[in-house]
């Protein structure tokens, strides 16, 4: 039951989906869509595990005072604030006690962290009381303040100004800057690795140099360089890609068949 | 016959109405202008040989139309610019559309959480019941052709076209739903540049659509899957019987053992990055089996392992895999629960965190296996900056150049899938590598035969391998 | 000598980063033009338009969405301004759903820049007012682009009885006597999607007018075969193509600005690769000498 | 643009620069930005998955617009199955019953590998094989005259064909790369390397434009701060400049601190030596 049932399930579901591909009928399509919905829903439920893991790692870091533990507060604050914003929206033009509410909520979270991290019993008790008071205040505001409300079943929270601002002015700049770091890393990687050590490295180097100079007007025969780089992209690059794709295809099918037939079992835990 | 003609005229009037409503701009065109053009374009010849049949190899709810183009399309007067496809629909589809929009409104009201005092739940149920009743009558109404219905425009296609697939929705509550096993009628009008001048074809029908139970277009795929499966099973059996199988050395895989040893010597951890794939990517599953071997060695050598993950299910599976690897190595006591942890489900936020780990924990070895996208170079360059030995393997072709440039060892494409067999050295798994080689040999031979066939003009040979959809 | 190159080989990568930042910011802020390597495919479009006598009509199809704006908008600006400075008339159409708004904005922007005197390739052009109906006609958007392209082959008034602003085409002075593609010198399709195929198959294929394409960078490679077969007379690809046109027209704009940064950033990278290799060979030689 | 928006914008520029500072070295600013974005993005995905995943894919299927009766009243009550399977994943919280979570995982893996097999066979093998088989050798020396650099000539297609075959031979696992076989495999790996080099070189342009976009954003911020945008800001006040200079001050102070630290540690190292 513990050991074998998962592999039996993999076999049954795998075989079914494999055969389903050849059956276009509505009924088989219905099952296919239903199973796809399963994977989505299971994935969402699993996110709770992920968030718990993130939470636990951060909390442990604070508790153990590991290097850089202070920054874990930033992570936790960002996480909770974002979730709070995503479920709430103001009803009119005024915010009421909304800002007070989420700030108190964060303070409450901080106090709970202190309860966990503190070793001195006296101070532990104090933080406990503080966190209880803050919690009570937060709950009270969310019950009695009518200027804003919770929305769990509709996506009004996505239009919350604070939610949008956090997305537009924190997430987007950092994420796109991370992406933009590639401009530098592509330069340093090229500098470090493109050395004519052997024939293979030399081919890599020359192909890259040629393509990089495709719009450089100052090199002799510039026109032919542009044409040659187009040729490189459409001929050797295409050949390489096609060979790799077919190899990958065989690898994917072989691995998937081994998984379904229970020959390969390393991906699943035992015990 | 007289009745038929009568409907012909009626249909023509309807299609005029359709065109009038299809007119987008509110201002009517200059009437004098229209007259001059109308005079210049005589009505074109109609399309001939119109056929309608159920679309093959699909789930139903779709009809394919075929016709021979009008004599004035590309020849003759050369006046045809396109065709309009019409289908006959009973008038009750209007009331169905009405019900649909009402249902949508009520649903929006319910999800909007607005308290109206009305029992919306009850209302939506009655509306749906009404809709179901109409749906049941739909087939009967279609059979009543040509009474109680009208021709409606389905689509327009440009001149030169000779086939059209009327792709309906299979969702009963969606617009454009075509019922299965129901008599449908079609007509194709030859269209000139002047929207008034057009010639309808004869009506074709009744025709019914329905779903198929086997997709004949996919036969080549089925055959190749079965052949490959048999090949794998055969070599696995052979390996099980104890036949020795040679595999050539692959640099990246040999390096894994050394890298773990090096990490132990330096007393530094090993970072294993599973990429951005979810469990549904086979590359990630291959990465799990490699993780299992790596974790076992790590447990034996008593080194630390860090596995930051991007997907919560990948995290769960990875935890399971690492834990059992520690059990297998007999070191269950040294397994640390939080060596596999979740970071976030955002590509570059994940990269930011992993880069931070690399610079702060300074792992001796970074292993990247699985699906990687634009973050490949961000990770690999930071790892190189931190002075780690780096081994990578991905099946994302676009990222391979970056891994090759920035990592010490790279498994190119298929080598990723071969790696777990290599690391384990289990004869059964090596057997499947042999099968993959035979499949590659088959591909090479077929390509050569195919190209000869193409040069000689034997298209039947290449067409056999042609998968259209 | 050797030691300098060898130092270069082991250079801290942060110097590369610093140089790259400085070069990029400088190239972004600087306002000089760089020579752009002109390919034949772009030059033929420029030459074609440049050789048209004043009063001829150019048809420009703006068939891209806002997400391809960065690459294709500079082409529109360069070509249209070139046409107007040459006293050519322009018919615009926008057959992609989100196209009309962008096209309208582009027309207004270019009209504004036409009000000032400017010198191009050594010739001074007086600024003038661009008038709707005299210098240009904007047809707007209609669905079923294949049919629209075919319909315009008969008469522009069939798919577009009125222009984008609601004026009947016949009351526009420049459309007097302009029936269909026969009265148009050439069609230039600027597109980021499948509408290009319709222009080639239904437009050029059926009516035989001269057609040129301006495409996004990723699409360009697929359309080279049409150049070989003579179905299109010119092809501009991505930001690079736009910069080529701007450079030919001596009208530096966003594309050349972008290419300036690109060119210098690429040069920095190539420079470091070459220096690294020289250092590598220098150290190899020294090693050999030491061994001897 | 009002002042609050400008403050947000300034914060955006601050985290942008903080992230770029990673290029120099790991520092408190980068750590702050990193930890912030991890938390915020995790929270963001919780919300997105809730509103765009859980609600339409599960809640609405079960409740069908009727919250209070839940699935008893739904037209698709079977959607309770994936919900239960999803909850089985939560057995991982317990040490004792964690093995139960393997069932949903096994189903997930079974479903996805099953889908992958025919799909991969069709797109990765059959279609590529067909494309290789039907390479045409017409116009051998190029379209319209002799042209070696014509990527669509018959010669180029021949090179593609040879490249594909030799690269496939490189991937053979069960045969040593020796003799003629090894030489063909070498040709294969050369093809791969040329292809990789070319696509590396080709990507540089796109990556540089990403950086240019970031410069643009910072530049826009500066323009707003100095009110030199195309359309002057009616809400502009001197506070914008105060914020601007405050930001500049933070950057300058940090740079000075780093320089001082750099030299003091250098002199320390010298004295120790």
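Note that the chains are named A, B, C and D in the order they appear, and that numbering of residues resets to 1 at the start of each chain.
Quick note on the criterion: a contact is a pair of C-beta atoms (placed from the backbone, for glycine too) under 8 Å apart; a residue touches a chain by one contact, two chains touch by 3 or more.
Only a predicted model underlies this, so the values are computations on that prediction, with no experimental measurement involved.
Going by the stated contact rule, which chains contact chain B and chain D alike?
A, C
To reach chain D from chain A by way of touching chains, what is the minimum number of steps?
Minimum number of steps from chain A to chain D: 1.
When you average C-alpha coordinates per chain, which one falls nearest the overall C-alpha average? Tell me, please.
Chain D is the most central one.
State the chain with the largest centre-to-centre distance from chain D, centres being mean CA positions.
If we average the C-alpha coordinates per chain, C ends up farthest from chain D.
Considering C-D alongside A-C, which chain pair is linked by more C-beta pairs in contact?
Answer by contact count: A-C.
Centroid from C-alpha atoms only, then distance chain A to chain C, rounded to Å. What do you get?
Here the centre of chain C sits 37 Å away from the centre of chain A.
Chain C to chain D: how many Å between their CA centres?
29
Could you put a whole-Å number on the gap between the CA centroids of chain A and chain B?
The answer is 22 Å.
From the mean C-alpha coordinate of chain B to that of chain C, what's the distance rounded to whole Å?
Once rounded, the distance between the two centres reads 33 Å.
Residues touching two or more other chains, restricted to chain B: which are they?
111, 218, 221-222, 225, 228, 280, 282, 285, 313, 316-317, 319-320, 343-346, 348-349, 352, 360, 400, 402, 404-405, 412-414, 418, 436, 440, 443, in rising order.
What positions in chain C touch 2 or more of the other chains?
13, 17, 24, 221, 224, 262, 265-266, 269
Could you check chain A for residues that touch two or more other chains and list them?
18, 21-22, 39, 42-43, 46-51, 54, 68, 153-154, 171, 174-176, 178-179, 181-184, 186, 188, 190, 192, 194, 204-205, 208-209, 212, 230, 233-234, 241, 244-248, 250, 252-253, 255-257, 259, 267-269, 271
If you connect every pair of chains that touch, what shape comes out? Choose line, ring, star, complete or other.
Topology of the interface graph: complete, with all chain pairs in contact.
Provide the residue numbers of chain B that touch chain A in the complex, in ascending order.
Residues 57-61, 111-113, 170, 180, 211-215, 218, 221-222, 225, 228-229, 232-233, 236, 278, 280, 282-283, 285-286, 288-289, 292-293, 309, 311-313, 315-317, 319-321, 323-324, 327-328, 338, 341-349, 351-352, 360, 374, 377-378, 380-382, 384, 395, 397, 400, 402, 404-406, 412-414, 416-418, 420, 424, 428-429, 432, 435-436, 439-440, 443 of chain B touch chain A in their complex.
Would you mind writing out the residues of chain D in touch with chain C in their complex?
Spelled out, the residues of chain D in touch with chain C are 23-24, 143-144, 150-152, 204-205, 208-209, 211-212, 215-216, 219.
In the complex of these two chains, what residues of chain C are touching chain A?
By the definition above, chain C touches chain A via 11, 13, 16-17, 20, 24, 34-37, 39, 221, 224, 240, 259, 262-263, 265-270, 272-273, 276-277, 280-281.
Which residues, counting only chain C, touch chain D once they are in their complex?
14, 17, 24-25, 28, 70, 221, 224-225, 228-229, 239, 258, 261-262, 265-266, 269
Mind pulling up the chain A residues that touch chain C in the complex?
For chain A paired with chain C, touching residues are 183-184, 186-188, 190-192, 194-197, 205, 208-209, 212-213, 215-218, 222-223, 226, 230, 233-234.
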